[in-house]
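I have placed the structure first, in the form of structure tokens, so that the comments after it can refer back to it.
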């Protein structure tokens, strides 16, 4: 009875952790966080996965890249694909292109800094760019708040036909007027860092 | 029996969709994707949430900002917090909160109207609230000058933990009570009371 | 003194006034305004940077207090319903409703802070689609080339620029083709033929902005001295000029009979 209680508590903690983690979490890391053993973690997950199956859950916990994560059932792929592709843009919006340009030329940069440059909240477009893999987390700010910092990905370089970020066209190639270039660079410096 | 099966299928599809979503999904959007009614979506979720609770799940499906999302149980926050990679935005200043409150209850509202209520220029604070994405343009005044009008966003609802603006507490609960107002009046009109 | 400026967050003058009145049981008769002013000056002197907004706020509160106190000190008036008194009533009601508003939203903002705090510890799933589903999505960068990024940056710059970058002075250097006197003559001549003319018709033969300005000033001047009536039914709509009492006057006659500001449009 006590054992069962503990197990239930353990699996609910595991579930909570996996729900908010955006990459697979290893049994080792779970065991350490929940001060238990890797075996207990694995057993708890196995029996819960069985329970999901018996009750026709739409998801399960799978093991991938040395860790656990929630995944949708492959039988439901058609519904999920239909959902994720509905209302999805087929072209980059001007707002998304602007945001991508800011990230490309001003990386590493935080969401708040991008918002400050654009004057509107950038979370939505950033979400899209991250989802599509063009932009990724590259670290955390050392300052107060330790904001997440973003940069462009290898996929971005690949899609743009660039070998490296050094191959990005320089502003002065496109804008002959030196003061114009300077003004543009000024704008890329956010007015304040949150 | 068939009915039960259908319902079980429905909830598992909903679960799969919510699992791949990074923002609250409305009943309407789910109903559209799964070609069913909003009522059936809500009923299916309600009964599943009950089931999660009975079986000590570490998460639930909650309603926020007009949609459904998976959420961890608040009792498990301590275990979850170090796995969450979300940016925690810095706290809003009292001035920003006051302005946000004015926008929330008086929307749609122009910058000038906000400044009139607060007695100080609200442009700086409004800029911040727009960058944060809590406040957004919702239209233009039809009168002379066609001032921009602002309202609160879905992100605002999400950050406040509200499902809709109707869930905001009634403003009348916050109006100073009669004796206080009377005291104010006394001070403002001494010359006429004698 | 009730006015502890250093610890005060100073969110707005109305707010501070409210605090003064309510939390300190402000009695205007007891209140020494000179003390407040002294304190205010001391604060201003201590400011590292001159903060115009804060100084203005202080001045506003101080002036409201001065007004309230002076009203109380003045002897009572005989009639209570003079026009001036009604105005005072109205003013006071406005101030009262602002104070109540201010207090209300201040209270609400405290609740907002609490709600945000509470919901910041609600963790929703933000993970999104895994690689299996993101590959089902279309490639958004298909038609994008590096130059598009530069154009996007240039667009941000354009949008961020103030609409008017420099004041266009070309109209100043252009010399007007007509003087105000000539415009007067032209307007009165046109109006003698008929009672009404639109401003647009009036300036038909002139394309330089400065000439149109000259005509406009002449029209305003005629309106000011009551020679014409002006009507405009909507913003930026047609301006209709109607002769008032059909005088057959030349400009010099008008100048002689009324005092007219003449504009030296040539300089």
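The first chain written gets the first letter, and so on, giving A, B and C; residue counts start at 1 in each chain.
Simple rule for what comes next: a contact is a pair of C-beta atoms (placed from the backbone, for glycine too) under 8 Å apart; a residue touches a chain by one contact, two chains touch by 3 or more.
Fair warning: this is a prediction, and the values are worked out from it, not measured in the lab.
Colleague: Report the chain closest to the protein's overall CA mean, measuring from each chain's own CA mean.
Modeller: Central chain is B.
Colleague: Could you find the chain whose CA centre sits the greatest distance from that of chain C?
Modeller: A
Colleague: How many angstrom between the C-alpha centroids of chain C and chain A?
Modeller: For chain A versus chain C, the centre distance works out to 45 Å.
Colleague: Measure off the straight-line distance from the CA centroid of chain A to the CA centroid of chain B, and report it in whole Å.
Modeller: Between these chains, centre-to-centre, one finds 24 Å.
Colleague: Roughly how far is chain B from chain C, going centre to centre by Cα mean, in whole Å?
Modeller: Their C-alpha centroids are separated by 33 Å.
Colleague: Where does chain A touch two or more other chains at once, residue-wise?
Modeller: In chain A, 16, 19-22, 70-71, 80, 84, 119, 127, 131 touch at least two other chains.
Colleague: Which chain C residues reach two or more other chains?
Modeller: Only 123-130, 133 qualify.
Colleague: Across the complex, what residues on chain A touch chain B?
Modeller: Checking each residue of chain A against chain B gives 8-9, 11-17, 19-22, 25, 33-34, 51, 55-59, 70-73, 76, 79-80, 82-84, 86, 110-112, 115-116, 119-121, 123-124, 127, 131, 137, 144-145, 147-148, 194.
Colleague: Under the definition above, what is the set of chain C residues touching chain B in their complex?
Modeller: For chain C paired with chain B, touching residues are 9, 11-15, 18, 21-22, 26, 28, 53, 57, 60, 68, 71-72, 74, 76, 80, 85, 88-89, 92, 95-96, 98-113, 115-116, 118-130, 133, 235.
Colleague: Can you list the residues on chain C that touch chain A in the complex?
Modeller: Per the stated touch rule, the residues are 123-130, 132-134, 136-157, 160.
Colleague: Show me the residue ranges of chain B that touch chain C in the complex, using the header's touch definition.
Modeller: Within the complex, chain B touches chain C at residues 18-24, 59, 62, 64, 69-72, 74, 77, 80-81, 84, 86, 88, 91-92, 94-95, 97-98, 100-102, 104-105, 117-121, 144, 158-162, 169, 171, 174-176, 180-181, 183-185, 187-192, 194.
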